[in-house]
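A, B, C and D label the chains in the order they appear, each numbered from 1.
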Amino acid sequence: MVPRHSRKQIVPGFGVTLSVTLFYVSIMLLLPLAALLARASELSFAQIVPIVTSERVLAACKLSLGAAALAAGVNAILGTVLAWVLTRYDFIGRRWLDALIDLPMALPTAVAGIALSALYGDRGWIGAWTSHFGISIAYTRLGIFVALLYVGLPFLVRTLQPVLAEAERTQEEAALTLGASPWQNFRYVVLPQIMPAILTGAAMAFARGVGEYGSVIFIAGNIPKVSEIAPLLIVTKLEQYDYAAATVIAVFLLSLSLVLLLIMQKLQMQSQRYRLKEVQP
Amino acid sequence: MFPTRRLAVLALGLILGSPLAPAKTLLNASYDPTRELYRDINKEFLSDWKQKTGESLEIEQSHGGSGKQARAIIDGLEADVATLALAYDIDVLADKGLLSPNWQERLPNKGAPYTSTIVFLVRKGNPKGIKDWNDLIKADVGVVTPNPKTGGGARWNYLAAWGYALKQKGGNELKAKAFVQELYKHVKVLDSGARGATTSFAERGVGDVLLTWENEAFLALNELGADRFEIVVPSVSILAEPVVAVVDRVATKHGTQKQAEAYLSYLYTEKAQDIIARHGFRPRSPKVAQAYAERFKKVSLFTIDELFGGWRAAQKKHFDEGGLFDQIYGASS
Amino acid sequence: MTELASSPSIPRPASLTWNLAKPLRANLGRYILLAIAISYGVLILGLPLAVVLLEAFKKGLGSYREALLARDALGAMSLSLLVAFLVVPLNTVFGLAAAWLLGKFRFRGRNLLITLIDLPLAVSPVVAGLMFVLLYGAQSPLGPWLAAHDLKIIFALPGIWLSSLFVTLPYVARELLPLLESQGTELEEAAALLGASGWQNFWHISLPRMKWALLHGIILCNARVLGEFGAVSVVSGHIRGKTNTLPLHIEILYNEYQFTAAFAAASVLAFLALITLVFKRVAQKHHTQAASLSA
Amino acid sequence: MKLHLHQIEKSFGSSSVLKGITASIDQGSFITLLGASGCGKTTLLRILAGLETPDRGTISFDGQDASQLSLQERRVGFVFQHYALFPHLTVFENIVFGLKVRATREQISRAAMNTRVKELLELVHLQNFADRYPHQLSGGQKQRVALARALAIHPRVLLLDEPFGALDTEVRHKLREELKTLQKTLGITCILVTHDQDEALALSDRILLLREGRIEQIGKPEDLYLNPASSFVMNYFGRTNELSAEELGFSLPGPILVRAEDISIDPALSSAALARLHRVSPRGSTVHLELAIESPQGERTLHAEIPRERWAKHPVELGALVSWRINAYKNFHESSVEPSSL
């Protein structure tokens, strides 16, 4: 079956790729999604409300959202610095640091959780040092925050690197010749143009943080209403054979992530609006 | 560098499902603390079964939180036998029609070939001087116990504490709730399962006392170093009865009903009871119990039926949504 | 969500002497930035890796080797590799098709499709596992039919395959999309005008230009499949030696107090990822150098 | 503002781009750095701007060593070939940028900045484009904004890197005039990099012709044109023929270089040297002829350029025989030969 070459696209492959993508997305993605939604919709609205508004669920969701937002915020700042250094400077060990960025992708989240709790526990390298000042990190909300920093960092750095690498150098040179200090050059010329990419990376880190399970449960105290995160709540409900509650919370978390993705989508569009390619000779 | 031949066999076995697997296999879905126990039991049973029937059987093990395993079986994990932490988790399987509701009558001691109890594990030298349950709520004591919502052992811990408070002079529901509430205020970490709690206490140095199965305490001593911890047996505790049952629907489907029943009854034999005692579980057989008398200290034990009217009642009253545990945590934080 | 936008073939960045013309004070700013970046990177990412490696080799090389060659460990590794073998190629083909479609064409519903493809990145792995339990579990509508035909999906390889596939679905697509979008369509149009068929166009013009992003996407997808814990633990029956992937095996080791063995197995995954990534950078560097020499 | 360069050397990796440049540029003059691509002219400009640092050699602004000056203290205006306008800022914000970043240090009031920008917008005829975004402007308009932006900080010297390279010819000529008049009215020193000799001849007070990192010649446009220091310089301006001394009956060593416009043709006289008209191509004010001549070394083509009016007066058909003679020539092997008035 030769795909009909629609007139307007002389670039090939529209038909083929469209059918492959739609088939794959519907089987591998929409079907499981539908199962989740179907199971959740078996509950009447009256049944859903008490689940979602129960104190424990709200506390868990607030915790998951708050910690993920905070971690995404910190990563937005320090991630940008890391991305800037990785694209703009050449220093020994740059390649290793760059490879390290992908570590959270490779290491199973559970292992990261164990390593982080060993690190930040009261007898860990850092934990011992901080408990010296009376601050204990592991098994508190701070521990969750640290785990989400670990999980979220790659998203910022990897989103920013291509944008920084491809940003027009001549604009920065123009700013410098006009007398801007490096900070002013970053603040007024570079930052406004990479802001959409930062926000996109931060939103991804946030979305990933909200859903993170493996690395967090090992370092969080998991005390209901104190340090019990939403994904753990889903698992707990599941193990109490309370499928309804588990699916409802899952759908709630899922719709939240979807909203996030749409916001990010708009950011991406917005960034294309004024960042036009300079006319190449 | 991975043995490709092995990979192929594994893939084949998995994809084609068990019927084509050469020998019949039994899948034993069990809870966390029995990993070491069933490793030894299975070896003995298989050789014993080979002598008796000449059939070379295979047993696969699956371990996890008691509730989690029960859910997995409900969701389709084809376990021929379930050896879980508490009767409630098997009742739930019965509710789903996986086995007959009167499963407890089909094996001696209501399907509990071994028992245990809840004890304390403290740091060597017992720095905080913890002797009994009431010491747990002293100001500077940090308690570690798994989450009763997910862990089987955790629920025995909770009920043991509740039972202790009830059995004190003038003890009543209100006092018991206050005591348990105070106890959980001291809890710093709620791991999902017994093993997680032990690791938090032993490996990561959280808290001062760990509430755990007696058998787990023994295991912790010889695995993590008897020089670092010691066991404190409280004045009164609960008779923890982990239970075993054949999952009829799966066994009949696999045609392993006979082997499954033999496997579980084997647990009651002298040989098995001895292995059970060696792994720190309290044996049912008086003779073996006699032999390990000095290991299992005398402690007055109450049963769940006596104080809580059985597992279904206890689960409903304490652990279900909005139950006493939720209220305790509602008020405490 | 443009997660994991391609980590580019990093062009040779301006060397540190970019603006030495300025007095020391400005360079100080540069070194402070460098210090902040490196210390943050090491603190957040380096130390956990160090802990893993330290614990893995704590009892010396002998026990490290022994841990890796234990029967269950090998079984877990083989299963993980088998799952990766069944997932990565599929996600790669899908990634290529999706990125080509979304990068080269504009059509109604394109944005919705992009958002959908991003979704697995935002969905908690636990929810991903739950979805498949609800879809193929015994209690699901399909349950009885599957049981009747003795088709085991969850608590067996298919379930693990499906959930791993779901979680890593976007990785290749995410890596290629920004690149294809920025590359525009001039070259492909030119090739098409010269009479190149769809496949020739793709094979000779487009593929060579996205080679590195594709390789990076595959590496990440592979690393993620091997490292997936949350989703797989929900659908795997934790049957020893049968449905335990490496991460699950690590959890078992950890729960059996064999901490060194657990970290040893974990270090394998960490090494695998870091080495493939550095290898890619090195190969890329030679490639770009070779290209610039011949240009 | 006196700008002095002394022995500037610069190399990138193994290739040395500037091999010792010494020159001094006085206040208010319009200098062009002319040369083929790769001769180091842009690098030299960037070194002047402080965007690159020389490996060796010094630059001084009014006697002050530039390497001590921060980019801000240098106060240099720089116009890029591709404008380098800030796409996320309006025309107004682009132009005011240089003032805004130094406002705090040099106490420039908001009002002063506004008037300065308005002034500049008038100067470049973009009064009512203040709040447009760069992507809404034409190439010419963009370059004017870049020019205004560079001038905003009252720069001591204005550096332009092939500013008109990306523009079409008609806009290019218009902007050249504007730049020339602007430079004269403001009396600001300008240094412009170009590879287009017409542009250099039209704009410069003095031309600095570069070849492979060295200065080939510095001088007024007419000097370089009329008395080039070397065959390279002569070749660079206009089309030049290379003839051997024997062909012309001279007793000079080395080749004789004759500019196309120094060759004139007459109706075929038996005594004069003969050539066959091979091709005619009119080029605006002049007509370009290609003549085929016999010489001891075989068939050779000669390029001649004659004013359009003379060609109109006595045209020659293709293929006809004509006699030709040279009115001026150059020979670079003795130092003092005068253009012989043959």
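Basically, contacts are C-beta pairs under 8 Å (C-beta built on N, C-alpha and C of every residue); 3 or more make two chains touch, one makes a residue touch a chain.
Only a predicted model underlies this, so the values are computations on that prediction, with no experimental measurement involved.
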{"item": "Chain whose average C-alpha position is farthest from subunit B's own", "value": "D"}
{"item": "Of A-D and A-C, whichever chain pair has more C-beta contact pairs", "value": "A-C"}
{"item": "Separation of mean Cα positions, subunit D and subunit B [Å, integer]", "value": "90"}
{"item": "Whole-Å separation of chain centres (CA-atom averages), subunit A against subunit D", "value": "54"}
{"item": "Where subunit A and subunit C are represented by their mean Cα positions, the distance between them in whole Å", "value": "15"}
{"item": "Separation of mean Cα positions, subunit D and subunit C [Å, integer]", "value": "54"}
{"item": "Multi-chain contact sites of subunit C, meaning residues that touch two or more partners", "value": "19, 22, 26, 139, 254"}
{"item": "Subunit D residues counted as touching two or more neighbouring chains", "value": "50-51, 71"}
{"item": "Where subunit B touches two or more other chains at once, by residue number", "value": "74"}
{"item": "In the complex with subunit A, residue positions of subunit B that touch it", "value": "65, 67-68, 70-71, 74, 92, 147, 149-150, 187-192, 200, 204-206, 319-321, 326, 329-330, 333"}
{"item": "In the complex, subunit A residues that touch subunit B", "value": "55-56, 117-118, 121-123, 138-139, 217, 221-226, 228, 232, 235-236, 238-242, 245"}
{"item": "In the complex with subunit D, residue positions of subunit A that touch it", "value": "168, 170-171, 173-181, 184, 188-189, 192-193, 274-276, 278-281"}
{"item": "Subunit C to subunit A touching residues, read off their complex", "value": "1-8, 10-16, 18-19, 22, 26, 29-30, 33-34, 36-38, 40-41, 44-49, 51-52, 55, 93-94, 97-98, 100-102, 104-105, 107, 111, 113-128, 130-132, 134-135, 139-140, 162, 165-166, 169, 178, 182, 185, 188-189, 192-193, 197-199, 201-202, 219-220, 223-224, 226-230, 234, 246-247, 250-251, 254, 262-263, 266, 269-270, 272-274, 277-278, 281-282"}
{"item": "Contact set on subunit A toward subunit C in their complex", "value": "9-14, 16-18, 20-21, 24-25, 28-33, 35-36, 38-39, 78, 81-82, 84-91, 95-112, 114-116, 118-119, 124-126, 146, 149-150, 153-155, 158-159, 161-163, 165-166, 169, 176, 181-183, 197, 200, 203-204, 207-208, 210-214, 230-231, 234-235, 238, 243, 246-247, 250, 253-254, 257-258, 260-262, 264-265, 268-269"}
